[in-house]
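The same chain A turns up in both complexes below, where it pairs with chain B and then with chain C.
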Partner chain A sequence: MGLYIRLAWRNLLRNKKRSSVTALGITLGIGFCITTLAIMDGLSHDLITGTTQGQVGHIQVHEQDYLAKRQLQQTIENNSQVVAELRELSSVKAAAARLYSFGYLSKGNKSIGVSLLGVEPEHERQVTSLAEQIIDGSFLSQPTPWPKGQALSEEQLALDEQLTEQAIANAFAELDGLDTTSSELQSHTNELIDTLAPLPFSLPNVILGVKLAKNLQANVGDEITLLFETAQGAQQSLDLQVAGISRQGTDLIDRTRMIFHIQDLQKLLQLPNQSHEIAISTIDLNKVDLAQQVISDVLAASYPKLSVQTWSQLRPDILALIQSNQALMGTLVFIIFLIAGVGVMNAMLVSVMERRKELSLLKALGLKGPNVVWLVTIETLVLTFVASIAGLVMGVVLGSYLQKYGWDISQFGEFSLAGVGMTSALKAKLTLNNLFIPVIVMFVIALLAALYPAFSAARLLPAQGMRAS
Partner chain B sequence: MIKLNQINKIFSDKHQSFHCLKDLNLEVKQGEFTVIAGPSGSGKSTLLNIIGLLDKPSSGSYEFDGQNVAKLNNNQLADIRREKIGFVFQAYNLMPVLTALENTEMIMEFCNVDKKVRRQRAMETLEAVGLGEFKNRFPAQLSGGQQQRVAVARAIAAQPLLVVADEPTANLDSHSTESLLDLMQSLNQELGVTFLFSSHDPRVIDRAHRVVHLQDGQIVKDVCTNNNDQQVAV
Partner chain C sequence: MKKLFFFFIVLLCNSASANSKDQLGSWIDSAERILRAQTSASVLSMAINKAEYQRDFTLLVLTDDRSEQQKVMVRMLGPALWRGNVTLKVDDRISFFEPRNKRTTVMSSSMLASSWMGSHFSNDDLMRETDLATHYAYQLTKSWQQDNRDYHLVELTPLPSAPVVWGKVMYRLYLEDGRVFPEQVTYYRRNDDAQPERTLTYSDVKLMDGFKVPTVMEMRISDKPDEYTRMHYQKIKFNSDLAASKFTEQAFL
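So, the complex of A and B:
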């Protein structure tokens, strides 16, 4: 063994130029692969955290048909109990309920369609970075003080019936061309509505997406008016106040998003103690499937109509993006290794050809075919070993630089991949796998590349090289 | 120790074939110091290759050290070569990347001889061939004669039964030729190692105890002299 390594090492040193060119190929291959893998992992990591912290969370709970139809009525009932139960679980770090709807927002003579999002500000902070996206004003805190609506009394119900009949009669009368304007009917009706769904004591605070605010020319502190529909289908309008402006990074969201305190939106839509979605942050994202199982099991008993999904089930596009990204990088790495492998094979072939006489001598002196295969293979392994160490150093240096300082991609513009706003510096992520997989793969490839030269060396006849001519 | 019976060697390729050794019979005993003499192209190397188990005869039987070696496969032949035969070739004898000492040690290392034992034996052998002080030189740093001495040292250090030397002095000047032959002869006498070598140089042939004359692949004369005196011509 010692002799083989000595022979291998000295043979490599014998043609320093060829050996170092081949080694350089291996070194660059490994160094580049480590860096590439680290960037890839960094990108995947950014995408996943961008997705989970941006909006999705690790896990979400919905009414079972909500994701397919997204109708206002498909809510999680008993929201506060469900959320409280979820927060009890040891695998759950935080849980935040949300309510969604649509409306029409106007200020002055401008009107824009908006999507409404109701959140629990303190819990949302622990699940996503929504609160950190505020670029002007402040995030929401307390719900707006709002008088409780009351159920109608017997007399009021009778009055309601009477008013309805009168309204129908008036409508027919109007058709007949009679003047039926009745201020009394209007004021009675308003009284009833006030009892059922009274106005808040102050203007509810909302957050506007940055592009929405710009298009409306709305600033923090401005009053705006929202036209919306309650869960019962009644059209209503309400004045609101802009408390903050947020930038999420995705054009569509920044153009249409409007955020409420969930309790305010529940009042508006008349969906008390209901939500459309509960976003959950778990203790360990790597064990999200386990947490999903636990949550499903817990909810299944008391709330059979709820379903539980992980981030990757909710955003299969992100998962697909990560996977195609990995496939692309994998192909790149494979090509690099193939080139390095061809380099190794070529170098070893030339080296074997040059040393035909010596190898024949060794066979004449009693080395067998397998010994010669081993001799050439060890030479390749020694070369790969030395070059791998250099490649590891290169990969670690480059990778940790990119891990610390990132790769500034802001020069290419604001980045948003599949609706996930990316930070402008792409940070690499060095892991043990990133370091050792390229080295191991390189060794396998070098071994394969050594096979042909080694076997052609082993086939040399012992007598062939001995002829004087 | 060596018994060749009706050995034929025919080299053939697609276009032609060449009958190199013809019905050759030869017996060599333990301890001989024998030269295969003959003009260039007479088949000396071919015969030594067969005797040294580097090549196989086309037909005929060969018994080496009491064993019929005609039927052995390449790996078995390699084992016998490594364990029992030492080689000195005309050129390309040494591994260029190993020192004189390492070259001398090499075969013992392949035979897994204990490191201390082989190191000592290699050193003694190297000193015996007069190259003790050159042990750390690489072949390129030695003269042609010195290289052949290292080759002889390597051949005998592993204590073989037989040393086969194919024109070992062909590339040497007369002085180096003399001292190499002195060395081989003394090793033959002191250690009893059988030496079988080839040459077409009369000065070398004169030193042998037995001269086998080869011509066109046939033995034309086989003379025992037992005479070390160079002055007497055969």
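So, the complex of A and C:
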């Protein structure tokens, strides 16, 4: 064995130029494969964290039909109790309830359709990076002090009917051409409304998406008016104050999203203690399926109408995207290796042909066919081994650089994949798999590439070979 | 010469069929306008019955079709939470006024299709345009006699590039004393749908301001048979000289 390695080494050194060019091919192949795989893993990792931390969380709980229809009334009832029970589970790191709706936002004479999101600021911080997306102003903290609405008393109901009668009478009179503007009617009405749906003591704070704020020309501290429909189908409008501006990275969200404190939005929509979604962050993302099982079991007993889903069930497109990316990269890596393999085969074949005379001499002196195969294979493996070490070093250096500093792709503009806002620097992620898979695959391919030159060397006829010039 | 003759024949046929089409179009137009006339002012109650909530509104509705611009104003008279709310539509511009904070929100025409105040009527329905009389091609499906009235069922299919959401509308109307009364309008999402998406029924014909008009309109959605929105006209005044200032946003205040 030692003899073969020595022989192989000497043979390789005999034509340094050819050996080093072949080795360089293998080195570059392995080095770039490691880097590509690392970038790929970094991208997958970014996609998953972008999905889970950006918005989805690890697990979500909904009313069972909510995702299909997304109707305002399909809420998780008894929200505070459900959330409290979830927070007690050991596999749950944090849980944050959310409420969704739509509205029509205006400032001055500009109006835009918006989607409303109510969050629990303190808990949301622990589930997603929503709070870190603020680029101006501050994130929400406390709910707005807001008195509770009360049903009208018998007396007030009677007054209300009387006021309606009066309004009808006024309207009839108006039809007959009489002027009947009555400020008293409106002031009585306002008193009743203040009982039914009192206004908050101060303007509720909201966060606007960056493009929404730009389109409305709204800055932090500005007053805006929201027209919305309550769960009871009443159209109402309310003045709000811009507390902050957020950039999520996805165009649609930055153009339409408006964030409330969940308690403010519950008051607004008249959905007390209800939510549409509970986003959960688990202790370990790799054991998310187990956590899902635990949560479903806990909820199934007391809340049979709720459904529990993991991020990959909620966003199967992300998982599919990752898988298709991996398949694509796998194909690319395979092609790189195939080219490197053909290079190895070519180099070995030339080397064998050049040494026909001496290989024939060796055979004539008694070296058996299998041993010739062995010699050529060892030569290839030694070459691959040396080149692999160089390739590993190159891959680790390049990969660690990209892992630390990232690859700045911001010149291509802001970008998002499948609705997940991505960071502008593509960061690599080196793993053991990324390092050794290219090396092992390279060895296998080198071995296969060595076979043809090796066997053609073994088949040499000593008598003919030695006579060749 | 032969060609010219042929051309005239074609023209003649065309105008003949156009005549009967015009007839159908004018029927639809009159039926659609029966509660509007040139101008109308009416007080009506609206009952919304949905799985999630029941609600009764009282409304004052003013319409003015005397000029090119079609103007509609709906002011809510009760109950308290809604009293004084005004929805105004002048052509495609809808504005919404809330008296409590004296705010006027102008909505884009994309809001036309969304529901008005949680009812089964869309903003566009309530602000009833004479859409059915302009954007459709008409075909008489059936005619019959019933209760001494001439009944007709007209199929409306949208003209190419018409800005409408319906694929087919079946309009049942009858003629009485030379006037056209709507009875039932069924709306189909697609032309070949077997099941209509919603049905609007007119009933309870009464004398209002000297004219016989249907005073109850009921909208039902086929998917949800228990739900409906019913409008009941209590008083209507036709063709009075409504001031143009009533249809401006300044009138809200």
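By our rule, the second predicted complex is superposed on the first by the 407 of 469 C-alpha atoms of A that agree within 3 Å, B and C clash if a C-alpha of one lies under 4 Å from a C-alpha of the other, contacts with A are read in each partner's own complex, and residues count from 1 in each chain.
Rule of thumb we're sticking to: a residue touches a chain if its C-beta (ideal position, glycine included) is under 8 Å from a C-beta of that chain, and two chains touch if they have at least 3 such contacts.
No experiment lies behind these values; they were computed from the predicted model shown.
Student: One more residue to check, A:369. First (chain B), second (chain C), both or neither?
Tutor: first
Student: Mind working out whether A:187 is in touch with chain B, chain C, both or neither, as first, second, both or neither?
Tutor: Once the two structures are laid over each other on A, A:187 reaches no partner at all.
Student: Between chain B and chain C, whom does A:168 touch in the aligned arrangement: first, second, both, or neither?
Tutor: A:168 contacts chain C only, not chain B.
Student: After superposing on the shared chain, does chain C or chain B touch more chain A residues?
Tutor: C
Student: Which of the two partners, first being chain B and second being chain C, lies in contact with A:7: first, second, both, or neither?
Tutor: first
Student: With both complexes superposed on chain A, which partner does A:90 reach: first (chain B), second (chain C), both or neither?
Tutor: A:90 contacts neither chain B nor chain C.
Student: A:361 in the overlay: touching chain B, chain C, both, or neither? Say first, second, both or neither.
Tutor: first
Student: When the two structures are overlaid on chain A, which partner does A:109 contact: first (chain B), second (chain C), both, or neither?
Tutor: second
Student: Is A:286 in contact with chain B, with chain C, with both, or with neither (first, second, both, neither)?
Tutor: Once the two structures are laid over each other on A, A:286 reaches no partner at all.
Student: Of all the chain A residues, which ones make contact with chain B and with chain C?
Tutor: In chain A, no position sits in both the chain B and chain C interfaces.
Student: Provide the residue numbers of chain A that touch chain C in the complex, in ascending order.
Tutor: The contact residues of chain A facing chain C are 73, 104, 106, 109, 111, 113, 152, 160-161, 163-164, 167-168, 171-172, 174-177, 185-186, 189-190, 192-193, 196-197, 225, 227, 229, 231-239.
Student: So in the complex, the part of chain B that touches chain A is made up of which residues?
Tutor: Chain B residues touching chain A: 45, 49, 52, 54-55, 74-75, 78-79, 81-83, 87, 89-93, 95-98, 102, 106-107, 109-111, 166-167, 170.
Student: Write out the stretch or stretches of chain A touching chain B in their complex.
Tutor: For this pair, the touching residues of chain A are 2-3, 6-7, 10-11, 14, 357-358, 360-369, 371, 461-463, 465-468.
Student: Under the stated contact criterion, what part of chain C meets chain A in this complex?
Tutor: 41, 43, 48, 50, 52-53, 55, 58, 60, 75, 77-85, 96, 98-101, 103, 105-108, 110-111, 115, 117-119, 234-235, 237, 240
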